[in-house]
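Going by the order they are written in, the chains are A, B and C; count residues from 1 in each one.
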Amino acid sequence: MNLKTILTAGAICVAGGAASAECAFDNTVPLRSLTAGFEAWKAVTDAMAECGNFEANLDQEFSEKQPEAFAANPALYQIGGVANSTMIPLLTAGTIRPLDDLVAKYGQNLSPNQFIRVDGKVMAIAMMVNNQHLMYREDILSDLGIAVPTTYEEVLAAAAAIKEAGVVDYPIGGTFMTGWNLGEEFVNMYLGEGGQFVDDKNMPTINNEKGIASLEMLKALTEYMDPEFLVSDSTYVQQQFQQGKIAMANLWASRAGAMNDEAESQVVGKVKMAAAPMGSVAPASSIWWDGVVIAANISDEEADAAFRVAMEGLDAEMVKAHNDASVWLIPGYEPGELAAGAAATAAKGALPYPASAAMGVMHSALGNGIADYLTGAKDAQTTLVDIEAAYTTAAKEAGLIN
Amino acid sequence: MKFKTFAAFVGPSVLMMLLFIAFPLVKVFWQSFNVTQPVYETVEVEKCTPGFLTQICTTEFQTIPQLDDNGDVVTRTTYVGLQSYRNVLEMERFWTAAKAWSWSGIMTIDFWKALRFTLMFTLVTLPLVVGVGLLIALAINNAAAAIRGPVIFVSLLPFIITPVIGALSINWLFRGDGILTALLEHWLDRDLALFAQAWTIELMMMFYRVWHVAPFAAIIFYAGLQTVNQDSLESAIIDGATRWQRLRLIIVPHLMPLIIFVAIIHLMDTYRVFEEIVGFRSQGYVISLQWLTYDFLTPDQAGNRSISRASASAMLTMIGIAVLLVPLLKRTWRDHRGTS
Amino acid sequence: MSARALGQPASLRVLSNGFLAFWCLVAAFPIFWITVMSFKSPVDAFDDNPLNVIFGPATRAAGNGLSILDIALGLGLICATILYSMRRLPKAVRTYGAGRSMALAWIVAVLLVAVVFLVLFFVVLPWVTGLLNPVLGPLGRDVLGATTEHYQTVWVDRGFSNNFKNSMIVTAGVVSVSLTFGTLAGYGLARSGSVLAFWILIIALVFRALPHSVLVAGYLPVFINSAEWLAPILGENAPTLYGKPFAVIAVLVAINQPFTIWMLRSFFANIPADLDEAARVDGCSHFKAFRLVIMPVMWPGVITTGLFSFLLAYNDFLVTSLLLDASNQTMVPAIAGMFNRETTTTDQVVAVAAAVSITAPLFVLVMVFQRQIVSGLTAGAVKG
């Protein structure tokens, strides 16, 4: 609030500028990237920018722009940031190139776990994984003598006990915002039950007892949630945690760091991480990855430079500087206490998100259709029938089924 | 004015509208009757994705589009007639529900749900905006000259503020234990969750819209009030007309063209209500027609989008606006004929 | 108004003024509130207790506070600036700008005032209070938590000034092009009694009723591939329209045209046709008559219409978020991006600070042009 702080801020800014340029080589080919805008991508693209001649575009509309921009000839961006699902349109349209040659040339520091292989060819280099897992208020659970829940039945029982004791009004938080978030919650539950979303002919297969069980569990959880659950996204749940309003939530691993942020959290050190609660087959969670792809419609020279720059972005130094920004797959990452939940979820056999063109349609149909069940407008059976009908219409229009 | 001169004057403007509105519109119209889709084939693919420490490899059947020799996706366009409109309207479900006299049944069909809200939103806010706008205008006109400037400035704030920001700030005030919700709770002495049921969200959206648009109406009415014929007002006073009579018989008729202008603009804008749905995240409870169009159009993460249904839904929205505007346009037509 | 001369019952006056006061409160409160939030630490900003949000104990505890002296001086400076801009500035501009372009004089004057204000407020004022606060005892003690760190984050670290510049480019482009095309078309339509003119107006009205999202989504592939399909016409230099501010300007101008030509047509229709008829009798062409007779009297209407164009371009989200690159993004999509990506509570307060920043230029604009808006509307731009 005075001149000194302003000057200090300026000085830090200048120092930040001077500290850069620690890139192994001097890039001379103009490069551009299009990625999502969250913190991990900021860290990675900042590290890439140290090589010079690089322009990062962190864009929240990236998934809408990427397919078109990579299909242009020459492609508007050389480097793309994708996740399981957003790679599908690029992959099927053939606008990203196989990376095997480049990996052989420049990829010595990559761990084999980072290669995303499709039909034997490396199509993307993964940099981080993310999944939803249980976060809980250790102090509340131990005060009441409740063991850490490992299944959703236990979560419900714990929630009932917490509510009974009157510690917090709403023991459970959930990213139940209508749309993608709510769809993802169903996907987690249904994967935990061992369900299959579509068959080999892309016909929907969710209207079964597993689907109904998943829906019923979602509804049972909402009984213990803030009644505004249909508008709560991960940032809101994270805030509820930080303000001590909830005791448990199945929240994204990338949000774990915020629980111990002294500047904004009132529960520093009290939130612990555990595996996602088990469904009847697997943990009710799905594993996501984010990674780098290189455009196909560019010259080999550009691809070469782009890959080298990308490798600089994904090196051990970057990870060291931003260790807690994410659950990195890059060698040099030291999993801290906050990554324990993500690791335990994976160790218990959580499945990868089943990304495919049909799944994209299904996820949207789920995200829009489930709210009617949770508000009580429809029963579980009707909800699933309607979601399947919505899926079929959309999939027919997309040409996925005839 | 000669045609050539006229063309020179309106040319640039018309050209812009043709390029960026008319052509896309023709395309939208065409798309609503045709479906373009990639030609898919099913192949067996082995995929490896990272687990936490080791890779997970799976073999599965995947549907992928065929590529031609240039590496472009092969697409096929088919004429489907009214199929896209049928998919949007879902008439069979509508009739089934209507025959069973099930209002809630109709309300589970997206289009009809959206239409119900859009119509209600439009028709409820219209009189409110005109009424509140008129009240503000009269009150400003009635205030001391010295404070008019600042008051007009403050009044205009809700109108000029960026809509996305406006909706968000209302959101903060009411969401969860937002400051105004806390105040209401204190007042009513009960726990409130304003975002937990449809009617409170609808109420807030209407409140927001009136808050946002009433200043526009007010400023236009205020400008109109400056040109009220003083002679007729004075003679009305001499004739012993009460304030209410003067308002009803002289001021409102004088403002009528402006009221119609505001009504037309407002009808067009509210029928396209969209920002409120996104800003208030209400799609779990209420949706609007333009939101439906937008939702069809937004690609899912795998890049699929329902362009044909979006086009059909957009055409339906246009038809809806046209129907609502007919009574107002009729009057403009009469005026035009009367003056020319 | 002579109605007042007849005297109103006290009850009516109280009612009328009371309503006005209530309305002003409702109108200003949300904006006031986000402004308050933007100066607090995240813990205070999202506190349940309104008093904590206003007084910001956590912010104060972190050593960021304002004393009564700070507040008094700060408010005094703000009031002085506003009073100066309202009372003295117009005169000064008229004196020094005489003979030169008035628009230019205004721009220079507004910039000058803004720079002086910023320097006084952020450099001189902290320095003065820094000296005086320790001396003054209770008056110099912090009572109100406030911090500008979020503004620093937005403008310095996040490079929001770049977004600001892009917004200015797009807005300036849209307003000038839209008004140029609009005044020409509006005049042509007002003076032509032809059936064609009527139908152009009706079709424009229908265009205005279109849901924009449908049109805009259609632009994206065309804009991205423009280098390919423009190549036969423009050869090697065919530009990629996607990510270019001028392409966005063109789209926004087109979307804005229907409203602009309607407004301006009604405005021109209210300027007596005898004026330019007389000029035409003297041998002027339509264009010359337009330039010599109409242009001098058209400014009230043009300013009002221009303001609406400004609002549309400045506030647009749909077109700019889709057709611009992240590197030349305007402010509104940038802020929406801040809210939507994986955010912490701090990020949200930073985004609130950005939201307040984006509102400030609108404030200034309306303050400066307020009288012109009313006079422009009164002069007939809204006869329907």
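In this text, a contact is a pair of C-beta atoms (placed from the backbone, for glycine too) under 8 Å apart; a residue touches a chain by one contact, two chains touch by 3 or more.
Listed by chain with UniProt protein names: A = Extracellular solute-binding protein; B = Sugar ABC transporter permease; C = Carbohydrate ABC transporter permease.
Small disclaimer: the values here were computed from a predicted structure and weren't measured.
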item: Greatest separation from subunit B - chain, by CA centre; value: A
item: Chain nearest the overall Cα centroid; value: B
item: Distance from the mean Cα position of subunit B to that of subunit A, given in whole angstrom; value: 32
item: Whole-Å gap between the CA centroids of subunit A and subunit C; value: 37
item: For subunit B paired with subunit C, centre-to-centre distance based on mean C-alpha positions, whole Å; value: 22
item: Two or more partner chains touched - positions in subunit A; value: 64, 71
item: Residues of subunit C touching at least two other chains; value: 336
item: Subunit B contact footprint on subunit C (complex, rising order); value: 1-4, 6, 8, 12-13, 16-17, 19-20, 23-24, 26-28, 30-31, 33-34, 37, 48-50, 53, 86, 180-182, 184-185, 187-189, 191-194, 196-198, 200, 202, 204-215, 217-219, 250-251, 253-255, 257-258, 261, 285-287, 311, 314-315, 317, 332, 335-336, 339, 355, 358-359, 362, 365-367, 370-371, 373-374, 377-378, 382-384
item: Parts of subunit B lying in touch with subunit A, wherever the complex brings them together; value: 35, 37-40, 42, 45-58, 61-65, 67, 71-73, 76, 84, 87, 104, 107-108, 110, 175-176, 193-198, 280-285, 295, 298-306, 308-309
item: Contact set on subunit C toward subunit A in their complex; value: 41-43, 46, 64-66, 122-123, 126-127, 130, 146-149, 152, 156-157, 220-221, 224-225, 227-228, 240, 242-243, 321-322, 325-327, 329, 333, 336-337, 340-346, 348
item: Of all residues in subunit A, those that touch subunit C in their complex; value: 1-3, 5-6, 9-10, 13, 34, 36-39, 55-61, 64-65, 68-69, 71-73, 76, 234-235, 238-239, 242-243, 254-255, 258, 261, 263-264, 266
item: Residues of subunit A that touch subunit B when the two form their complex; value: 63-64, 67, 71, 83-86, 88-89, 91-94, 112-120, 126, 129, 177-180, 182, 200-202, 226-231, 236, 240, 287, 289, 296, 327, 329, 342-343, 346-347, 351-352, 355-361, 363-364, 368, 371-372, 374-375, 377-378, 382, 386, 393-394, 397-400
